[in-house]
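The same chain A turns up in both complexes below, where it pairs with chain B and then with chain C.
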Partner chain A sequence: MNPTHSPGHCRPHEHLSRRALLKGALATTAGATVANWGGIFNTQAVAAEAAKRGKRCILLWMNGGASQLDTFDMKPGRPTGGPFREIKTKLPGYRMCEYLPKMAQQVDKLGIIRSMRTQSPDHPDGIYHMHTCYKQSERMPHPELGAMVAKYLGKADADLPSFVRMGPTGNAGAGYLGPRHAPFDLGRTGALPSFTSPYLPAANESRRSDLWRFMEAEHRKERGAEPFESHRVAKERAWRLLRAKSLFDTSKDWPAHEALYGATDFGRGCFLARKLVEAGVPFVEVGQDNYDSHADNFVCHKANLQVLDPAWSGLLTDLERTGQLSDTLVVWMGEVGRTPQINNRAGRDHFIRGWTIVLAGGGIRGGVVYGATDADGRDVAEKPVSEGDLFATIYTALGVDPRAKHYVGTRPIWATPEGSKPIKELLA
Partner chain B sequence: MNADPEATPKGLSPKFEKAVLLWSLPWDADWITAVSFVGPRHVAAGNNRGDILLWALPEKPEPAPAPEGKAPPAADMGMRPLHAAIAPARQLVGHTNVIARLVCAADRWLISASYDHTLRYWDLQAPTGANTRVVLNARAIDEISRNRNSGRKVPAPNEAQVLTQPSAKSIEGREWVTSMGLSHDQSALITGDDAGNVTLYNRTTGVESRRWQVKGWAQAVALAPDQKQAFASERYPLVFDSGRHTGAKLWDATAGTAQHDLAPQFKGVQIAAAAYSADGKVLAVGRGGEADGNNGKVTLLDPAAGKTIRELTPGHQYGITDLCFHPDKIHLATAGRDTLVRLWNFQTGQLVKELGKPRGGQFKDWICAIAFSPDGGHLAAADMAGWVHLWRLSG
Partner chain C sequence: MNTAAHLLCAAAGWGLALLVSAGAAEPPLREVIDGHLASHWKKSGVATAGRASDATFLRRAFLDLVGTIPTYDEARGFLDDKALDKRARLIASLMADERYPAQQAQAWDLALFGRNPPNSDATRNRSAFRQWLTGKLARNEPFDQWVRALLLAEEDGSELFYVQFQNRPEDLTEVFSRIFLGTQLQCARCHDHPYSKLTQQDFFGMAGFFVRLVSLDQGTTGSGNQQVRRFRVGEKRSGEVLFAGNMKEAQPGRKGDPVKPRFLGGAALDEPALPAGFKEPEVKTGTKSLPKPDFSRKEKLAEWATTPANPYFARAAVNRLWARFMGRGIVHPVDDFGADTPPTHPELLDALTREFIAHKFDLNWIIGEIVNTRAYQMDGGGPAAVTPPKHFERARIRPLTAEELQAALRTAGGTPADTDNVRNEYFLRYFGDPNNGQGDFQGGLGEHLFLNNSDNVRNFLRRKKGNFADSLLLSTEPWEARVDRMFLTVLTRLPSAAERAKFVAYLQSDTKPEPLVEEALWVLVNLGEFRFNH
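Take a look at the complex of A and B:
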C-alpha cells in the first residue's frame, strides 16, 4: 500500500481547495466576480500574437486506435506482420501499407512519428490523454487541444466557432479554459445541430433578439456577474453563427469534391474541415470510427483504410491546391496503437509501448520518419516520444508557446507537462 | 424434406456417433487456415503465411505414444488421437500470403486461393523439387524464447524433411481471394475476392468464363451443381459508418445477373460460408463474424425460390467459419470460432455429433476450415492453434 495515500482521500497535488478557487476569482471594476478561466491576464497577449499568424489545425481522430503495424510501421515477414503488404512511397527506402496508396504519394508532406510511448492504455483515459496531454486521473480539468488552439488562434469577434468537431472525437472539452472555448459539435457528416434552425420567421426572430438584448442590458446595470455575461456572450455567438450557417452546407460543392475525398461520411467531414479552416476556424476535429479491432483486425482496418486513404490524401491535396497547407497543421492520431501480437480473435488489442502518429502541413517538415520500433514492433527502439513531447511539437508548429502558463485559482498549469520537448527534427 | 435412401452412394454409411480421432498433425508455424483431402490417402493444409504442406496418410499407422506428464494439446479436442503424428511429405511453395481455401480435383490437382491475389494449381503427380527442412513447432519456440520469464523450457525443434514443389499454374487476381468453391462435377471453379469480384473459371484450363461485381467485398461463394446458379454473400465491414454493408444474393451464373436478393432474410448478417447439396436442392449458408454472438447458425435455403427451409440450431458461438456437405447426401458438417465441428442430418435438422469441445477462454483457437475425404470416411479440420485433426467417421 502507498503510505502517502489512503483510499478516498485526494493526494495533496490533486487537491484544489475552495479557498484557492476563491483566490483565483477576479474582482472587476464593476464589482462583479469573474472566474479566472485559464488566467486571462497572462495569456491574452500571447493569444493575440499567435492568432495574428493565422495558423490552423485539423485533427483526424482515429477513434479506437489504429494499428501502426498495418499502416506506417509495418513488419513484413515477422510473426507480428499480418497479411497486409508494403508498397513503395515517394520517400526512398520508406514503405507503408498497400491500402494507403494515395497517402504513399503524399509522404513528402508527412512527419511520421513511429516511436510514441504513452501512458494511458484504455479508451476513456487514452482519448482524454491524447486530447489534453495530461492524464485523466488528475483532478484538474485540462482543455483539449482544440480548446487550447481556439484560445490562442481563435478570434473573439468571429461569426464562426473556433473549435468545431464532428464524428467520434474528444471527451475533455474546454476544461479550465472555460465555456468560451468549448467545442461546437456537428453530426457525423457535418450536419448542424437541430437547434441552429430558428423556429420563428426571420423578422420575428430579429424583434425577439432585439428585445432580449434590451432586457439583458437593463439587467446588467444591476447585476453584472460573470454567469450572466457568459450567457449573453454565448447567445451573441450563437446569433453570429447563424449568420455564417450557410458555410456548413456542403450539398452544393460536395459533388465536385466527392471523387477527391471519397464518397464517405469521413471524406465529407474532411472536406467540410477544409472549408471551415479556409473560412477562419482555427481548429476542426474529424473522427473516424472504429479502429478498436480486438477481433477481425485486418478486415476492419482494410475497410477503414479504404475510407481514410482518399479522405486524408484528398484533404492534403485540397489544402495545398487552395494555398492553405503551409498554415494548416493536419494531425492523424488515435488514443492508442495496437498490439503487435495478433490474438486468437484475429484481432489486435490496445498498445502504448510503441505506436505511430503522423503530422503534416503547417510548421512540419515533410518526408521525415522519426523514431523506430524493434524488429517485431514490441517496443520503441529509438527516440521515444511522450504525449507531452507530441503536444509541444504541435503547439510549436502552430506558434503557440508549449509552456504557456494558465491559472486555475492560484494554481499555475502549463500547456504541456514539465519536461515536454518539441521534436525539432519534425519542425520546419 | 424426406431422405431418399436411393440417393446415398453405395459404401457410404458413416457412423458419425462412433467417430474416432485418428491423427492430430502438428504444424505450429502460424494459423492453419485451409484444408483439403487429395484423394483418400493424402491431406493438404495451408496457413496464414502462404505455406502449404501435404501429408501422406499411412495404411499402417503407428499407435500414439502414451502421454508424458501433461496431456498433449490434442487432448483439448476432447480426445486423444489413436495414431502417432506423421511428418509432412511435401511443401508446396509459391504463395506469399494467407491461404484462404484449398480444393482438390480429380484426386490430382490441388487448387489454392490466397490473399496474395492469386489462385495456384499444383499437380501432385508431377516430380518434386529439392529437399527442405520445416520446423513444425516454430511458433512455440519463438514465443517461449521471447518470454524467458514464463519459466517454460524452449522445446527442441520438431523438424521434418520435405520435398518442395512449385505450382504448375498461377492465375492473377485483383485482391485477397477469400473464398473458392468447386462445382460438383469439378469442371468449374468459383471465387470471391475483396475487390467485389465473383469469378467463374474453367477448372481444367484455368480460363475465366464469367465475372461479375457485388457491392463491397465478396465473402462466401458457391456454385450450383448445374452451374446455372451461384450464391455470393457480400460485405463492407465498416463500423458505424453509413458505408457499412452486408448482403447475400442468388445469381444467374450464366448471365451474371441477380435472381434473388436475400437481404430481407439476412439483414445485417455476414454469411461466411456457403455450399450447395449434391442435388442442388439445398443451399446451406453459415453466419460468421464475432458480432453475431451465439447466432452463428446455419440456414438451409431452397435455392430455386430463395426461401428458407430451416435453421440448424444451436449455432456456433461467435460465428461459423466453414461448412461442407458429406458425400452421402444426408449430412452436413459445420465448424466455427467456438472450436467445435458439428455434424448434422440436414434433411431432418438433427444435430448428429459434435467433435471437439469448447477449449476454454474467449474465442480460443478457431477451427478455420474442414473437409470430407472423397469417400466420406474421414473428416479433416484445421485450426488456429496449428493442428490438422483427422477423424475416421465410419466407426
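Take a look at the complex of A and C:
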C-alpha cells in the first residue's frame, strides 16, 4: 500500500526544523525530553531535508592572521620565501605548503583568493573589519557576517541559535540587526555558555513553563502587539534550545571522528560545526589560536598547520560524505596576512597589501586560484580583492543579497559597502 | 532717562502685563494637547483606545516617573482611592518623590551616552556625572540652564559629556547636534547631505566649536567598583578643524583647509584675532589645568545653543520629552528634524515649543502637563501591529530598561536593596540594548536564558527571611487572597477569575508550597506584561 499521510502523524524528518518538534515534546508527559538529537540527525532522510533549507556557512577563523607565504602563496627560492617546501596538489601546476598535505588533496574544492588587499592592519580593527567588511573607526554598529547570515538564512522558529561561534572569534556581534541575531558563544570545544543549566528539576521546570504559557495565552487575547509576540517567541526558543542541548555534546560521537579531524580542540570544534549545520544552524564560526607570529613564524606555523590540515580537510570530507558540502560554504580567513619580509626574530609581521583567503563548498567553484601577488609577495600583482568584494562573494554564494539595505536610525546601511563586487570567477 | 525711553519702558511693561493676563485665560497645556490630538483623530478618522484602567495607569506612571513598579500598599492605596483627582495627585506625589530626579537623570544619561560610550575607561563609571545631573533635576533647574552648564563643563561632575569624545570633535559634533538641535549632521561629515540642505561646511563649521576642547585627566578616586576617573575640561585659544572635501575623494596625505566655526543655519562666529605674541600653553601627560582663554568658543556655543531664539533647541527638547512619555516623537525619530521627517502634528509641536519657552524651560511643568493628558492615560491594548502608535491614539509599549527591570524585580520580590547579590553587569548585558537599529524591540536568546536559569533573577523570587515569598508562605490567608496579593504586587493588577483559579490550583498542587510560590512568582516576572511598560 502506498502510505498516505494522515494528519497528526508526521514523518520523522518533519520534526526537524519546525515547531512540530516543540509540539511533539509538549504532547508527552511533563519532563519528557526530545529524543536523542544525534540519533535523529544522522539519518539520510534528515540530511536531505536539511539540504532543502538553504545554504549554511562555516567560518574557520585564523586568529592573529595566518601567513599566506607559508600556506597557499609560496615564494620558493625568493628572499621572502622562508624554509617551508612546496608540494604538488590535485590541481596541476599549483603547489602549496608541505604542512598542508591533506588540503593539497582537496584543492579541487577550493576557491583560493591570493590577492586580498585590505585596510585594517592591526588585530582589533582587522578582526572587526574582516567580520563586518566595514571599518571599525566609523563607529557604526555593523553586524558580523554570522549575524547577517543568521538574519537571512536563520529561521525564527528554529530550535537552535542561528549564529554559533567558539574559540577566538569576532568582536562585533549583531550590531544594528539586534539581539535576535546575536552570537551564541560556546567554549573552545563546544561547552555551553552561562545560564544554560536549569536550576530546577525537570518536572518543576515543566510545570512552571506550562503556567507561563497559560498566562501568555490569556494575555495575548488582549494584547497582540509585536513586542509581546517577540517576547513569547524568544522565551520558547530559549526552552527549545535547552531541549536540544545534547546536540552540543560531542563526547559520544567524537571518538569515531577523532582520526578524521585530528585529536585537537580545533578539530573537535570543526566536527561540532559540521553537526550544527547539519541540524540547521546557518552559521558557525570556529576560531584557531594563534597565528600572530612576530617571532618564530615558522615554528608557529608548522605547529598550527598540523592542527589545521586534518581539521579543515576532515571537515570538507565529512561535509561531502554527509551530502552537505554543496550547501555549506566554508570560509578560511584571519584578520591580516603576514609580511613577506622576515624580521630579525624569524617572525613575520602584519600585512594587508596582498594576502590569501580560501573559500570552499556551497556556491563556490572549486579548483580556482584567483589573483596573484608579485614575485616576492610584496603586493598584489593582479585582481586585487577588497573586504567588500570578499563579502559580496560570500553573500552571493549563500544566496544573500550583498546590497541588502538596513537602517541605523535614519541612516541607510548596506550589507557591503558601495562598489563591492562579487568575484564571478569563484562562484559556481 | 529721556521721555522716549520712559515711554518705551512703560510700553514694554504693559505688553508684559497683557501677556500674563492672556496667559491666565488660556487653557492649560494638557488641554491644548488633548484638543490637538482629538481634532487630528477626527480629521484622519483614527480609532482611539479607551482610557487605561487605574491599575494600568498606575504602573505606567510609576515606571515612567520613578523607574520602578508600585509596592502592594501603594497599589492598594491608589486603587481603593475613590477621589476623582487621584491620578493628578499621584503624578504630583511621584514628581515630588526622591526617586524622580534620579529616574529622569537616568533617561538623560542614556540619551547623552548610550550603552557603550566611547572612551570607556573614563565613562564606565558615571556616578559623578549622574550625581551632578540628578542634583540639577532635583532642584528643577531650567533645562536651558543645566544644558548651558553641561556645555561649559566647568562644574564638578559635568565634564563627562565632553570627555567621552576626547580628541574626537567630529563625533562630538554629531552627538551634540542630534541631542540638542534634533539635527542629524553625520551624513554631512563625509559628503553634502543628499536629501537636505546640509553641507559639509555646516558640519565642520559646528565642529569648530569643539576642536579646542581638551580633557585633562585628574587621576582616579576610590577603588574597585567605586573607582572613578576624574577630569577637567580645558580649552585652547587656537586650533581649527580641517576640511578635506568629500570623503570619497579623500587622498592620503592631504590634510585639508581650516574651517571657521559657524552656527548651524546662522552666522559665522565673530572671533577676535589672537593677541600679539600669543603662545599656546603646552598640554602634556599630567597637565591638570589650562588657563581660561581670553576668547572661549565653548562659551559662545553654550550661549547660542540655549537661547530661546535658537530655532532648534526648545523644539528638539520638547519633542524628546514627548517621545519619552508618548513612545514616539512628533518628529520621529526624535533626533532627526528634516525635510523627509515632517512633524505628524506640527501645530502641537509649535504649541509645546512656545509654552516650554514661555515657562522658562521648566521641565517639571511640561512633564506634569504631558502625563496629565488624556492621551498619556489611554490604554495600550489591542492587537496593534504598528508600534509605536503613529497618531498617539493609544499608549506605547516600551521594554523596561535594565535599571528599571532590576528595580521592579526588587520591588516585586520585597528584597531590600544591597541584599540581593545581583550582578548589575549581567542586567546591562542582557537587557541593556534590546532593540535593533531602528529601535524596535527584539527578544533575544540571552535575555531568556538569563531569566530562566540565573540565580541573579532567582534571588528576588525564592524564599528569604522577610521577603515577599516568605510573607506569602507565612500567611494564613486563603490562597485566593494570596494570589490576589501576588498579582497586585508583581503586575500591579488583580487576576481575572480564570487566572486566580489557575494559580490557586497551582499553589496547592503539591504538599510543599515553597517551590510552588517561587515558581509562580517566576512566571509573573517572566510575562511580557512585566517585561514592558504598557
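Keep in mind that, in the parts below, the second predicted complex is superposed on the first by the 348 of 428 C-alpha atoms of A that agree within 3 Å, B and C clash if a C-alpha of one lies under 4 Å from a C-alpha of the other, contacts with A are read in each partner's own complex, and residues count from 1 in each chain.
Definition applied: a residue touches a chain if its C-beta (ideal position, glycine included) is under 8 Å from a C-beta of that chain, and two chains touch if they have at least 3 such contacts.
All values reported here derive from a predicted model rather than from experimental measurement.
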item	value
First (chain B), second (chain C), both or neither touched by A:204	second
Partner chain(s) touched by A:406 [first = chain B, second = chain C, both, neither]	second
First (chain B), second (chain C), both or neither touched by A:195	second
Which superposed partner A:308 touches (first chain B, second chain C, both, neither)	neither
Greater chain A contact set [chain C / chain B]	C
Partner chain in contact with A:147 - chain B first, chain C second, else both or neither	neither
Which superposed partner A:161 touches (first chain B, second chain C, both, neither)	second
Chain A-touching residues of chain B, taken from the complex the two chains share	30, 48, 97-98, 115, 139, 142, 176, 194, 236-243, 289-290, 337, 361-366, 384
Footprint of chain B on chain A - complex, ascending	79, 83, 85, 168, 188-189, 264-266, 288-290, 295-296, 299-300, 302-304, 307, 344-345
Of chain C, residues touching chain A in the complex	118, 171, 184, 186-187, 333, 335-336, 338, 341, 380-385, 387, 397-399, 433-455, 458, 496, 498-499, 502-503, 506, 509, 515, 519-520, 522-524, 526-529, 531-532, 534
Interface residues, chain A side, partner chain C - complex	139, 141, 161, 175-180, 182, 184, 193-200, 204, 207-208, 211-212, 214-216, 218-219, 222-228, 230-235, 237-239, 241, 406-411, 413
